[in-house]
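These notes open a run of structures that come right after.
Note that chain A is present in both complexes that follow, paired respectively with chain B and with chain C.
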Partner chain A sequence: MSKTFTFALMDAPFENARSTTALRLIDLAIKRGYNVNVFAYEGAVYLPFAKQAQHANAVHGRSVEEENHPLPRAWIAAIMNEAAGKGIKVDWVNCGLCVDERGAGEAIDGVRRGGPADFWKFAESSDNTLVIGTK
Partner chain B sequence: MKVLNIVEAAYRGTLEEQDDTVIWICTAMKGAKADIDVLLRGNAVNYAVKAQDAGGLSFGGREQTQPPKIADDVVRLKAQGVKIYVVEDALRERGIEPSELIDGLALISRSKLAKLFGDYDQVWHW
Partner chain C sequence: MAGYLLIESHDPFENNIVARQYDLAVNLVKEGNQVTLFLVQNGVLPARPGTCSSLLTNTARAGVEVLADDFSLRERGIAPSRLTDGIKAAPLSIVIDYLADGRKAIWH
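Up next is the complex of A and B:
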């Protein structure tokens, strides 16, 4: 029986390296066959926000296409697709109240709304839990 | 499963949230029957100081009517059966006297934290 890891994320995207580090760990867990739960708390609910958009970068002298700006929502979708292809479960819960206060309701497919009780259930049913809090 | 939640990043967004988000999620999880305790360390030891007053914030005449009352929130969490540890070295470094704190806290020295962590199945450092 495969193991399950739970991650609690708290940082908003585009703010620091913790968000990409978290996604690296999640991606690695999936590559190694682990099921993954994610509880996105506070600013982290914006990680899978569907309206993230690429932009051109005049400083770099590149168009939108050339810049190909990375978007966390696209990374998360890719992680979910990779997991689905391997038959691995990724259960991503956005904290509902955090979503409401930020107007971040439009998340990519595969993200569901929940609350602290979901996080506790995740942790209880997982082999381990890693909290990556805001500093 | 028993979990120790460490709160260290203090006063992060507390005016906007009108609480501390980690104290809040601990309170919510305790309501969901979670078996948890809390350790205040670093700047977060100030959360236990009784005489905090964040009132009076106003922008353009729009006043905040429900400013955070974090010491009260810690008291509420403790009343739910959550043990609140406070690192006494961090208090001393900040010149905070134990008499300034809310009642019923468990003061603990840094040298005993490793043993404390061993009493829990998991430690979550928020």
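Up next is the complex of A and C:
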């Protein structure tokens, strides 16, 4: 039986390299064949926000297509698709209170609403847990 | 003996806690544990020879395995062949491997 890892994320997207590193780690875990739980807390609930949109860059004179601005929701969807293709489980929980505070309810498919108790359950049932805090 | 994985994402110029994390790694080794200090993001900056590099060299000499994320090194133009003594470049995937081994992981 494949191992399962839990990652707790707290950073909002587009702000810190931690978000990118966290998604790299999750991707690597899936590439290794491990199941992954994600508990997104505070600003991290915006990582899979469905309304993230690409934009042009007027300063550099680039169109939307030329700018091709990367979106975390697309990275997460790609991670979930990769996992599904391999029969690997990704259970992504957005903290419900954090979602309500931020109006971040419109998440991509595969993300479910939960609470801190889900993080406890994840940690209890996982082979290992990594908490990536904001400091 | 327990295994620890300390992940350091800050550099000691911006954050005074970083040196304490290095000390934590050394003290865990002194207690008989197996310890890896994995540098990522700006945490790799002191891997380039400079005024704070001796902190990492001393950490390595104390028995801590000190690794620097090769992607973070490339982003910052630091050649893996020119790291300060005691530090090796490594892929981020080693974090996943150590999690699978049951290392106790602490992110800073």
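What we mean here is this: the second predicted complex is superposed on the first by the 135 of 135 C-alpha atoms of A that agree within 3 Å, B and C clash if a C-alpha of one lies under 4 Å from a C-alpha of the other, contacts with A are read in each partner's own complex, and residues count from 1 in each chain.
Keep this in mind: contacts are C-beta pairs under 8 Å (C-beta built on N, C-alpha and C of every residue); 3 or more make two chains touch, one makes a residue touch a chain.
The structure presented is a predicted model; accordingly, all values stated were derived computationally and were not measured.
Partners chain B and chain C fit side by side in the overlay (superposition on chain A). Rounded in steps of 10, the angle chain B-chain A-chain C defined by Cα centres in the superposition reads 60°. By the touch criterion stated above, A:Leu25 is placed in contact with chain C alone, chain B being left untouched.
In the superposition on chain A, A:Glu124 contacts chain B only, with no contact to chain C. When the shared chain is aligned, no partner comes close enough to touch A:Pro70: not chain B, not chain C. By the touch criterion stated above, A:Glu42 is placed in contact with chain B alone, chain C being left untouched. In the superposition on chain A, A:Lys3 contacts chain C only, with no contact to chain B.
By the touch criterion stated above, A:Ala17 is placed in contact with chain C alone, chain B being left untouched.
Contacts of A:Thr134 after superposition: chain B is touched, whereas chain C is not reached.
Shared-chain residue A:Gly105: touches no atom of chain B or chain C.
In this overlay, which is a superposition and not a single complex, chain B and chain C have their closest Cα atoms 5 Å apart. Within chain A, the residues touching chain B in one complex and chain C in the other are 128-129, 131, 133, 135. Chain B contributes residues 1, 3, 8-9, 12-13, 21-22, 25, 28-29, 31-34, 122, 124-126 to its touches with chain A in the complex.
Residues 3, 5, 17-18, 21, 24-25, 28-29, 31-32, 34, 127-133, 135 of chain A are the ones that touch chain C when the two sit in their complex. For chain A in complex with chain B, the residues that touch the partner chain are 8, 10, 41-42, 115-117, 119-121, 123-124, 128-129, 131, 133-135.
Chain C makes touch with chain A in their complex at residues 7, 9, 40-42, 71, 92-93, 95-97, 99-100, 102-103, 105, 107-108.
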